[in-house]
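Read through the structures below before going on.
Look at the two complexes coming up: chain A is in both, with chain B in one and chain C in the other.
So, the complex of A and B:
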């Protein structure tokens, strides 16, 4: 093992890691928002809309992220969608994650007891209020573990952005490897970074879960 | 005394696919009176009750609250506007067997929610009125508790407070004590008796024959989607003429004898 090369490549790797986190965070948030909108549209939309969204979900879930990214980045310009690597990567992540998030929200909404929705209707609450005050808060609680889980999976999907030259961690690790032939060291660093990130997310997720379910769990 | 509504149910039919859950139901609920709906499981009691605030759509006939048709623009006509339906529901309180409190809100928040979102009251005023309603059901000291930190009887009383805080003119109860441990039934029935004493119109689906006998002004017996008889409690519960009611009461007494 030869660790001295990190004096030279360290800053570059750190910058790469920062971009990885940036892509993951933004892609996850945007993917969640898009997924939430899809789930709501599926719950309240008319039949053609629901059918269209189900098709979207199946297409995106049925194809590898790598292929989606290629189509977006290299195929996009053919239909006038010319994006730089970073925005293309972010858009790709958002689209890739959205159907999974949509399914998580959809089943979480279904887990909200219907009687609690009816209780709101019975006192004359309007549907938007019901969504905002009852469906969303309760749905989010039951969705949280699955949301955290899929966000963790997404951290590792970011490495694929390297193939469209987004300068994230994987991209930098590959560059370092080819320049120094230190494949082992470079990939160990990659693994270490991801392990740390995943650990952080899952801890944050568990804390959040304890916090928001505090009042919902019956004292025994 | 509260302002009390009347309910008129005329020739109401309800189908679930080919299955007819309500058959030509006629029932008048006079203002300020308590009507108990009894009958065997699956006879259509909940379905009928839920037609009154249109949580369940009836397919034909009329349900009128104070003379105003609920659910449809006209008999056999188009569905009523959502906004109009919400307006009518504001004055109809409903209490469910499973309480259906919102678990992420405290007792006080549960009660204040409708006042804020539906009645448009400012938060502070809604909070005050929630306290008032909770005091009325004997829960002044549990306002800050979430439902998970309340007993079943307390949860059901919060649910009643949530309904009465809206100042309804009609209250619907669907087996409000059936999910409760026997020792908690009394506290809920007492709150209901108080309400009845204040002149609230109440329609109560119940298996509590004692409540029906002592509090109801009229008892309606349902079986297999039909309203078999409506009469004074004594005439239904003590001298029933219809063999179906006799059979039902016999089973009831056998189950409760020991």
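So, the complex of A and C:
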């Protein structure tokens, strides 16, 4: 085993790691926003819109992320969507995550007691402020565990971006291993690294969860 | 612009390649069921070493991306002296990865069974092994069926990743087909349709099982 290659390739790997985290954070946030919009449109939209969104959800959830990326990155230019690898990857992550987030928000909205919304209507609150003051705050709290969970799943999906040459960590590690022929060590370290990262993020997520839902537990 | 002929023309070769998608995901889940049963049993045993092993197994396999696991296995097997074809390495990796999720599914199913049932069986004088094979497992397996179908859907999608180690399944075949026709959009959309078709069928099966097993 030759470990000094990690020193030599350190800066490259670090840059790759930064891009992995960047893709993960931005992809998660954008996916969440799109998912939230879809969930709201499904709740308040007219029937054709709801039907269309349901089809979108089924299609994205029924196809592999890798194939979606191929359609976007290699198929996109044919319909005039010419993107570099990184923006294509970000857009891909956003689209891939959005239906899962939409479903999380949808069931969270359903968990908001109906009486609360009726009460808000009865005292004359307008629909937008009901969404902003009742539906979102209550829904977000109950959606939190599932949101954290899916965000962790997305960390692992970022490595697939390497296949469409987004220069994230996996891509850099593969480049390093083909240049040095240290395939096993490189992949082993990458595996251990991801293991640690995912463990770390899930611990942080659980802590965030207990902090935000603390008031619910104290009351009951 | 969009070439309908290429789109429909791609279905032939891609359907042929879907054999491998089904093979990898089917054998993957079969292997996952077997290993998952052992891991689940280890996790539930009173022996702390087994418990610890199961916990690490599940945490590692759920924490590391499948793509990394695939490459790791691909390079690790020859080093430890096991020379198997790429397809076997792919099936083994997918199966091992699935075992982590399946053991958790089964742990949940066993936990969902009313405790009174196994207590009653023990009170009636059944020996522990019979309690396990006649009371707990049959019910737990039925209870876990919908979740297992869900896992199979995930595996069908995950099997697209084995294209990176050269298995000619739907994704790999569509890459090759896109390269020869120069029409990636149509070909990859056709590939997406095939995955969607497989998964819609499986989702239907899942709903049927959920309906059937609901008591």
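Operating definition for what follows: the second predicted complex is superposed on the first by the 217 of 220 C-alpha atoms of A that agree within 3 Å, B and C clash if a C-alpha of one lies under 4 Å from a C-alpha of the other, contacts with A are read in each partner's own complex, and residues count from 1 in each chain.
The criterion applied here is as follows: a residue touches a chain if its C-beta (ideal position, glycine included) is under 8 Å from a C-beta of that chain, and two chains touch if they have at least 3 such contacts.
These numbers come from a predicted model, not from an experiment.
Chemist: With the two complexes superposed on chain A, say which partner A:75 touches: chain B (first), chain C (second), both, or neither.
Modeler: Second partner only, chain C.
Chemist: Which of the two partners, first being chain B and second being chain C, lies in contact with A:87: first, second, both, or neither?
Modeler: neither
Chemist: For A:138, decide between first (touching chain B), second (touching chain C), both and neither.
Modeler: A:138: touches chain B, not chain C.
Chemist: Have a look and say if chain B or chain C is in touch with more residues of chain A.
Modeler: C
Chemist: Which of the two partners, first being chain B and second being chain C, lies in contact with A:10: first, second, both, or neither?
Modeler: Neither partner.
Chemist: Scan A:66 for contacts with chain B and chain C and give back first, second, both or neither.
Modeler: In the superposition, A:66 contacts chain C only.
Chemist: So which positions on chain A get touched by both chain B and chain C?
Modeler: Shared contact residues on chain A: none.
Chemist: Taking the complex as given, what residues does chain B use to touch chain A?
Modeler: 53, 55, 82-83, 86-90, 92-94, 96, 98, 100-104, 113-114, 117-118, 146, 148-149, 159, 162-163, 166
Chemist: Under the stated contact criterion, what part of chain A meets chain C in this complex?
Modeler: Chain A residues touching chain C: 58-59, 61-68, 70-71, 74-76, 78-79, 156-157, 159-160, 162-163, 170, 174, 183-184, 187-188, 190-191, 194-199.
Chemist: Over in the complex, which chain C residues touch chain A? Could you list them?
Modeler: 1-2, 59-60, 62-69, 71-72, 75-76, 79, 153, 156-161, 163-164, 170-171, 174-175, 178, 183-186, 188-189, 191-192, 195-196, 199-200, 203
Chemist: What residues on chain A touch chain B, complex-wise?
Modeler: 113, 115-116, 118-127, 129, 133-134, 137-138, 141, 215-219
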